[in-house]
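Next up: some structures, all given as structure tokens.
You will see two complexes here that share chain A, one where it goes with chain B and one where it goes with chain C.
Our next item is the complex of A and B:
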């Protein structure tokens, strides 16, 4: 009787312990996020003691190492980031969605087993390799196709960034499509609908929240991409006027400038402020994606 | 229990943030000032050159551990000011602002001269332009001259290639040739080679690179780009950066001294002193020439001599 009680007690303790350890780690992730946010804020906030808010966010000229007059406007960088990542989505959404549709609705289980890991492998191609490919292969091709003198521009960058975003979109869209209840498909077929009508009128509308979330996450991935834009986006200071303009996204700016910024200077602080802007943008994209995922759970 | 786990996590995160932020502020404990190790960082123009010299030096001094990396002159000087390295390679002279930053950190920065370099202005080989004046080059990079037909070329918008702000070549070219802000349309490239690669693909392109990059592996001038001779005063003969004497004497206008900076006067007999002396020895200067630069002019060597005399 006594031993039994002891063992039960032991089991109970072990269970409580593992429960609390896992809770601790879960809390750690949240606090790590809060920690990064606080670190960026504390380091970056000093920027606004010297640079007014309006000038920072609405100024179109980013030039901390100027010949005469330093300027700290990040609008051109933000627009650069938006152009590259939105254009990247133009490439990535159709491709990612088509892959998801094929994997979920068309492919046999065997083909899916082979293809899905392959698509996910694309995500693991180092972006510097894609950048190199862009520099040597795509940039000259795009220059010739569009009759511009140089292919180092927003279009080339977004094409490559699009490739990076495809696996994210494909994977999440596919999950969303497969999560649609089989009964929906069966009911649609029973009413005499063809397979494509079923997909178009039943499955996709039912999965629309998951698909939207996939697109948002793909967008977040594209906004954060650094190496590719650093190598092929051209990185000029000029405010972009078209998708064939060279652009300098926020990520590339941080990567270029942080190397020469002396710790603690305004230049250094301002780069953390840009980091904070990036963090907030990607955080909200993820956050919204999460909300959308939960709104219309079927 | 919930409170304890949250408290623990706070301590953990707080500790991590504190650890990293303190790491940013203080010197990393491992890197410089080791008696048999030299950590050198900075100018991308100099990386290959200093690596070659260091390799030669290591042959005569086994056990010496010399690490050379790039990143740009600004990066090198920033690292020196942050106490992370022994020698900063810089293809431009240190700025007043940087000297002030050093003073506020109680550092007595010393200057050393390593080689002479010319910055070549390059265009696509099919560009009919034969020469440009220094003023024209400046106006092109300022954005005042935006079409090749304004400087005697064929009609077409000029596309500008330059380095990134971290580069000493970027700063030197701006301060001595452009003498104003670069046109904002200039593409900022990762390195000299990236500029060469871009210009050879771009019929309307113009770029500037160190003379080490206009020769191929055999030491011959490259065929896939065209080096533009520069006219200093209107009516005079253009000068090419391929002319060694002109670069050494400064007759080629876009020429410069290649510097190295150290945080304080080296101790007598230290590895640092030995290395610096080797760099300006006949053997060291031969390596400089073989790396695509020109050896030091007399006036530069004299300044190095003054530097060595302060070592006690």
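Our next item is the complex of A and C:
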């Protein structure tokens, strides 16, 4: 009788404990996102006590360590980020979309089972490895092809960043295409349309919102990429004038400058402000993409 | 039916297929390139000896390999319980759709936060605020924060794929909620979440940017013995060798280090996928 009561008591404790622990862990995860935002904001906002908003966002000169006239304009860095990630999408969208179409519409289920994880494995190649190969192998090729003195520029970086973004786009577009109701395809085929016409006129239009979400997430992935741009984008603070200009995107700037910045100084704060800009951009992209994907499921 | 349309279709489908195969083949191309650049410097000394600062041809990357393994183990210990706990709350406990949605939104957004931001966060919170400095523990906590959303996502997926009648039969036998989760739901869901989790950890081990910010070390005279010690790691080592080392052999050594890193992460991911296949073959539902 006694043991029975004891185990019952124990069970009750285990019950309460497991519930509360899992609730605590879930709260930690949510707090993590809030915490990242708060820490970036609290540290980064200090920048604007010394640097006016306009100068920070519209100034084209980033030189926080100058001896006399420091300047805090991030426009060249933002444009650098935009050039690299948009150009990366120019490579990644056709590739990712073609893969998505192949996996969802052409490949047999067996082939898809094998090929999809392999495509996703591309995303797990450490970006430092791609950066290294960019330095040694791809940059010299680009330099020769375009007759420029250095292959370390926006174009080389965006080619490699594009590779990183392909699996994201492919995977999410494939989900979107496969979510299109089979009946749509059957109805189109019954009207005598070929598979190709069905894809072009029925399946892709029906999946367009999911495809948009995939492209947005791919862009988020590209904007946030650090190692590739740090190693092969050329690391120049000058305002970029073409796709072949060496650039220094926001992510690379944070990684380079953080070692020189003294804790708590304006330089330190300004790097967190750049981090905050990046965070807001990627948060916005993810948020919208998530809403698009969520609405589709209802 | 129109013949040109058929030819067009065949050409396009062929192109799609070619694209898919080329992107996958690129993986093999990366391995071949790394091997041709760095393969010649890999020998037993390279894998087991200490790093020599002056003459890199005399040393090995053992401390960096060990450091990366420590990071992987540490991240597993922290992110697995937190990730699976969060997933359990979402799928088994929470009744309110609102909170499920909030947690889901947080997870999705965390998964999209760039790794360099996690680095900034880790530097400000773990290294500075909690005064852990440029230590193994700071790096583990930073990388864990990055890995948690990944583990939650895969765990939620595998928990949701456990058939509902499993839970109902367990309750019908008089089991409590926790007994049902512990004895029925978790064992059924574990293969999926372990596979996803290990792939996430392999990714974390390949991350460089957070290590640059939190502060890995390029040269250590002794191995770390406590979580508060400094550490070396393969991705950071590759980065420094590739960009900041003057030795004429630096690039071969960078490629060799990268090769070890990529093989380590591939072996982990592949092992996880094989484990899932094995566990799936064994399950009887």
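Please note the rule applied: the second predicted complex is superposed on the first by the 264 of 298 C-alpha atoms of A that agree within 3 Å, B and C clash if a C-alpha of one lies under 4 Å from a C-alpha of the other, contacts with A are read in each partner's own complex, and residues count from 1 in each chain.
Heads up, the rule we're going with is that a residue touches a chain if its C-beta (ideal position, glycine included) is under 8 Å from a C-beta of that chain, and two chains touch if they have at least 3 such contacts.
Being a predicted model, the structure only gives us computed values, none of them experimental.
Contacts for A:186 in the overlay, against chain B (first) and chain C (second): which applies, first, second, both or neither?
Neither partner.
Regarding the shared-chain residue A:66, is it in contact with chain B (first), chain C (second), both, or neither?
The first partner, chain B, only.
Figure out whether A:113 sits in contact with chain B (first) or chain C (second), or with both, or with neither.
neither
Touch check for A:23: first (chain B), second (chain C), both, or neither?
Touch status of A:23: both partners.
Under the stated touch criterion, which partner chain does A:35 make contact with: chain B (first), chain C (second), both, or neither?
Once the two structures are laid over each other on A, A:35 reaches both partners.
Between chain B and chain C, pick out the one touching the greater number of residues of chain A.
On the superposition, C touches more of the residues of chain A.
Going by the contact rule set out at the top, does A:257 touch chain B (first), chain C (second), both, or neither?
first
Quick check for you: in the superposed arrangement, does A:152 touch first (chain B), second (chain C), both or neither?
A:152 sits against chain B, while chain C stays out of touch.
Report for A:137: first if it touches chain B alone, second if chain C alone, otherwise both or neither.
Second partner only.
Pick one for A:220: touches chain B only (first), chain C only (second), both, or neither.
second
Which chain A residues contact chain B in one complex and chain C in the other?
Overlap of chain B and chain C footprints on chain A: residues 23-24, 28, 30, 32, 35, 39, 43, 135-136, 230-231, 259, 263.
Under the touch definition given earlier, write down the residues of chain C that touch chain A in their complex.
1-2, 5-6, 8-9, 12-13, 15-17, 19-20, 23-24, 26-27, 30, 33-34, 37, 81-82, 85-86, 88-90, 92-94, 99, 102-103, 105-121, 123-125, 128, 145, 148-149, 152, 176-179, 181-182, 199, 202-203, 206-209, 212-213, 235, 238-239, 242-243, 251, 254-255, 258, 261-262, 265-266, 269, 273
With touch defined as at the start, can you tell me which chain A residues reach chain C in the complex?
Going through chain A, the ones touching chain C are 11, 14-15, 18-19, 21-26, 28-30, 32-33, 35-36, 39-40, 43, 94-95, 98-99, 101-103, 106-107, 115, 117-119, 121-133, 135-137, 163, 166, 170, 192, 194-197, 217, 220-221, 223-227, 230-231, 251, 254-255, 258-259, 263, 271-272, 275, 278-279, 282-283, 285-287, 290.
Applying the document's contact rule, which stretches of chain A touch chain B when the two form their complex?
16, 20, 23-24, 27-28, 30-32, 34-35, 38-39, 43, 61, 63-68, 135-136, 139-140, 143, 149-152, 230-231, 234-239, 246, 248, 256-257, 259-265
With touch defined as at the start, can you tell me which chain B residues reach chain A in the complex?
Checking each residue of chain B against chain A gives 1-2, 5-6, 8-10, 12-14, 16-17, 20-21, 24-25, 71-72, 74-75, 77-78, 81-82, 101, 156-157, 159, 164-166, 171, 174-175, 178-190, 194, 197-198, 201-205.
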